[in-house]
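Naming follows writing order (A, B and C), and every chain is counted from residue 1.
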Amino acid sequence: MNSKGATVKRGILSILATVSAITLITACSSGGGSTPVAAGKVTLEFSQWWEPELPAGALRSVMDDFQAANPNITVKLLSAPYASTKDQTIAAAASGTMSDVVGLDGAWVSDFAKQGSVADLSKLMKSAKYDESQLASQIKVGGSTYMIPVVNFVYPMFTNDDLLAKAGISQAPTTRTEFTAAAEALSKLGGNTKGWVLPLSLQAPNGIQNDVMSWAWASGGSMLKGGKPDLTNSAVTSATKYVKELWDKGVVSPGALTMTEQDKVEEFTNGRVGMMIDSLSHITTIREKNPNLKFSISAIPATDGFAGKRGIPYASWGIGISDNSKHKAEAWKLVQYLMSQKVNSKLSTLAHAFPGNTKSEPDFTGTDPLFKTAFDIYKSGAPVNEFTGLPVADQLMRDFDEQFQGVLTGTQSVNDALKKAQAAWKTQF
Amino acid sequence: MATKRRGHLLKKTGLLVALSAGAIFAGFPVLWMASSSFKSNTEIFAYPPKLITEHFSFDAYIAILTDPTKVRFFINSYVVAICVTLLTLLVALLAAYAFSRFEFRFKKPLSMLIVSVQAVPPITLLIPFFGLMVVLGLYNTYLGLILTYMVFTLPYAIIMMTGYFNTLPKELDEAARVDGASSMGALWRILVPISVPGIVSVGIYTFMISWNEFLFALTLTRTPDMRTVPIGIQLLMGQNSYEWNQMMAMSILGCIPVLVLFLFFQRFFIGGMTAGAVKN
Amino acid sequence: MSIKIINADVSRGASTKSLGRRLAPYGFISPTAALLFVLMFIPIAMVVGYSVMDNVIVNKHPQFIGFDSYIKVLTNSVLPTAVMNTAVFTVVSVIAHLVLGLLFAMMLNTKLLSNVTTGLFRVIYILPWLFTVAIIAILWKLLLNPNGVINYALISLGLTDKGIEWLSSPATALIAVTFINIWAGYPFYMVSLLAGLQGIPKDLYEAAKVDGASGFQQFWSITLPQLKPIIISMSMLDVIWTSQQFALIWMTTGGGPINVTEMLSTFTYKLAFSNYQFSQASASAVMILVLSTILAFFYARYQKARD
């Protein structure tokens, strides 16, 4: 029967149809990808999560200024959601598609440096004859710099003035004893009000760094000894015990074990919690969301009678250069531009952060007076973040978090938890 | 007669009550989402929570619809989801026809593979997949996303369409072939028209998957002009705070096309169409 | 059922196969085969390759190390918890999806109400299906917040005097994520079963009514057997999908508190992107693949038995 030959023909036709359909789509989808560049011109890709965090168009205008100063360089901004930036950067590095310039977090640097995905900046600085002394800090792995903090966000204590006044507390607590008393008084106000908020989500375990370890740092403690984990020391033990004590007194906001940093801010903004340790960058968000909220900032309380310099936790928007980049010299120019005195001042003003260039001063005119207060706290204290530059920093926080949640839910003692966390950390170093 | 009618009425009321209870379970969270999209960011977290806001505003919607970057997310999602749906249906119908109506070598292992490949956790495939797309030059293109989604939608579509064809009597297309139609002709002229309900439900499913997929959309695109709606929603979750109302508004806007699609194709689920054909 | 057996005979009788008829199925299957080969088997082969090397991705020149990564994964102390949680999460979700999907599909398939009414309900019932998983996670976190609307309702009704920490209490977290997953997943069954219900010949019910069968008897002896193929294939797929559900769990609990919602998917993710143990993550993926191939094998056997 003739139908059989036809079957084959139709079968082939169907494949052809599919193929041609696919080609058609390819043809109309070729919009993406990099465009060919004229000779001598260089396009730099700069991937970061900063653009959506800054006022609309702000980062782009900084880039436009850079392009005006360097007519042969064009900068393409690629923004990704913060929560997935790290995974995406790892995947991009593995397949050689990492952008020339990348935004980095201190917690990732060591891992990227080991992977060989970010370039050694020390070398680039040397060949560009760059004066390193103007940099406030550099994140080094194995003696070489891999990340430069562009702007820094410190984490002081935020207090809700109205709630504190209602609870009969006239001044923000400066010692742990005062803090406990304040937290208890706030929790007695009734309703849903609690004294303190503690985000311990395992999804983003940075609460360990900002809200738990900060207690140890504020009293001059350290979680490391000679670059190795030292979690069972008295400073960490006392901080951990202190947080557990607060927990047992019922002064911590409910939902802590899956709470994220963003949730924490919502609790404070809505006046459900009297005190929190939080990034300065949140001041604008809080003001925007709840213009009526009166709040102050102060240094994180220390152990009673502590007279030394208070450690104040901070986080950075760091910057690095891809090791795969074909335009490392141009990429360095961009980094250098962002770190230059004027631009760095501008960026830190825009981000409500503190500059990474020692000579830069953020412009406080017209901004919230709290920034000025915070800048003074920042200058009088010692910025500290011991997680920066550690291997698998994210996992370290998570290991600690899991053990600490065991403490809070009453399945193990503080000492056992610290011992287990110490053991888990040791295997990572 | 009267008791029968009363029984009927009782049944009807019972059914309505049950349906309404189910509707609260299904719909309330979505209603809450919709109401949040009209609130200000503080009100979303206010206690006691309010369903109807006092400061009703379209700000979130305006913010999205007036931003060309965000509108582009929607266009990208449309292009990708529509292409994936049409191509998946085309390819799956052919394969399902083969599985349902022909005996051939490797049929068993092939169908087994189609089921089992879906079990690989996508997260572990991410890195090799990424590398492959870069090598093929499909990174950050529509085609890359379309082909990727087809890999995830095809197995289901083939399994469901094979199952659907299996429920249709083989005499139908055998008869057509005896009458001189080719296999292809039998498929398109006989099987496809009476399989519309199945095709529509597979089609809607496929559209949904590609419309809402997040992980690969994020990894396989990089420039703002190639991002899809789920990435757009994620971009509103900042390092420091969420744009709650805009996130909610964007997902409400995002679900409208699917809802319209469903409304439009509903009638294919309803009655009659297949019943007659199957009976013959 | 009986019709099908006759069909099989017919097709066998008609298969005095010529070359064209023998080649046709390969033509039909080739687009699928080509696509799956390039975009599925190659990446899977790469994952298998990763699993037997020492730390890939992070290490630029990985060495072959055999099955060390497999041993490390199998001896990981979190693995039993992850397996157990995945099993509970999957079994409960799949059963609830099926029961709810079938129940709702049957309610919506009614002839008692007007088309407009059922149409309206149908739209409401598919709503949970329309949202991307990130937004589902965020929405439910908002609803289940200790100060959220669900707790507010419970307190107002006097069912509890204090907000319940649904997602953050080790006692309720697994129940809460499973519930969210049930909410998000049943419409998929419902839509397919609704399509299936439309395909059941009406005369089967008419014949049963003549025989005096009750509503339940009709359901048991006609509806269920007729829907069985759909139910089996969907449950099969749902087991596979649910067992690898990642984003929902990650974005609501992150596997916590402690590890009460740790699943194989979150466990694998943490190996890869938190510990940078890509070889171990790949090993874990390969084992999951093998398990599901076994599952698929039984599925194929079942299908063969049915034919």
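In the analysis below, a residue touches a chain if its C-beta (ideal position, glycine included) is under 8 Å from a C-beta of that chain, and two chains touch if they have at least 3 such contacts.
Just so we're clear, the structure is a prediction, and the values are computed from it rather than from any experiment.
The greatest centre-to-centre gap from chain B, using C-alpha centroids, is found for A. Across the assembly, the chain pair joined by the most C-beta contact pairs is B-C. Inter-chain spacing, taken between the CA centroids of chain A and chain B, is 36 Å.
Taking each chain's centre as the mean of its C-alpha atoms, chain B lies 15 Å from chain C. The residues of chain A that reach two or more other chains are 1, 3, 6-7, 10-11, 14, 18, 87, 90, 94, 192, 272, listed in rising order.
Shared contact sites, meaning residues of chain B that touch two or more other chains, fall at 45, 47, 91, 94, 127, 131, 147, 177, 183, 234, 237, 242.
Each of the following residues of chain C touches two or more other chains: 21, 24, 26, 28, 31, 57, 147. Listed in rising order, the residues of chain C touching chain B in the complex are 3-4, 7-8, 10-11, 14-15, 21-22, 24-26, 28-29, 31-33, 35-36, 38-44, 46-47, 50, 57, 103-104, 107-108, 110, 112-113, 115, 117, 119, 121-135, 138-140, 142-143, 147-149, 152, 183, 187-188, 191-192, 194-195, 198-199, 201-203, 229-230, 233, 236-237, 240-241, 243-244, 246-247, 264-265, 268-269, 272, 278, 281-282, 284-285, 288-289, 291-293, 295-297, 299-300, 303-304. Contact residues of chain B toward chain C in the complex are 8, 11-12, 15-16, 18-19, 22-23, 25-27, 29-30, 32-33, 36, 44-45, 47-49, 51, 91-92, 94-95, 97-99, 101-104, 107-108, 110-125, 127-129, 131-132, 147-148, 150-151, 154, 156, 158-160, 163-164, 166-167, 169-171, 174, 177-178, 183, 197-198, 200-201, 204-205, 208, 211-215, 229-230, 233-234, 237, 242, 244, 247-248, 251, 254-255, 258-259, 262-263, 266, 269-271, 273-275, 278-279.
On the side of chain A, the complex with chain C involves touching residues 1, 3-8, 10-12, 14-15, 18, 86-87, 90, 94, 111, 114-116, 192, 200-205, 253-259, 263, 272, 392, 394-395, 398, 401-402, 405-406, 409, 411. Of all residues in chain A, those touching chain B in their complex are 1-3, 6-7, 10-11, 13-14, 17-18, 21-22, 25-26, 28-33, 47, 49, 52-53, 76, 78-84, 87-88, 90-92, 94-97, 192, 261-262, 265-267, 269-270, 272, 279, 281-282, 285, 288-290.
Across the complex, chain B meets chain A through its residues 40-42, 45-47, 83, 87, 90-91, 94, 126-127, 130-131, 134, 137, 139-143, 146-147, 177, 180-185, 218-219, 221-226, 231, 234-242.
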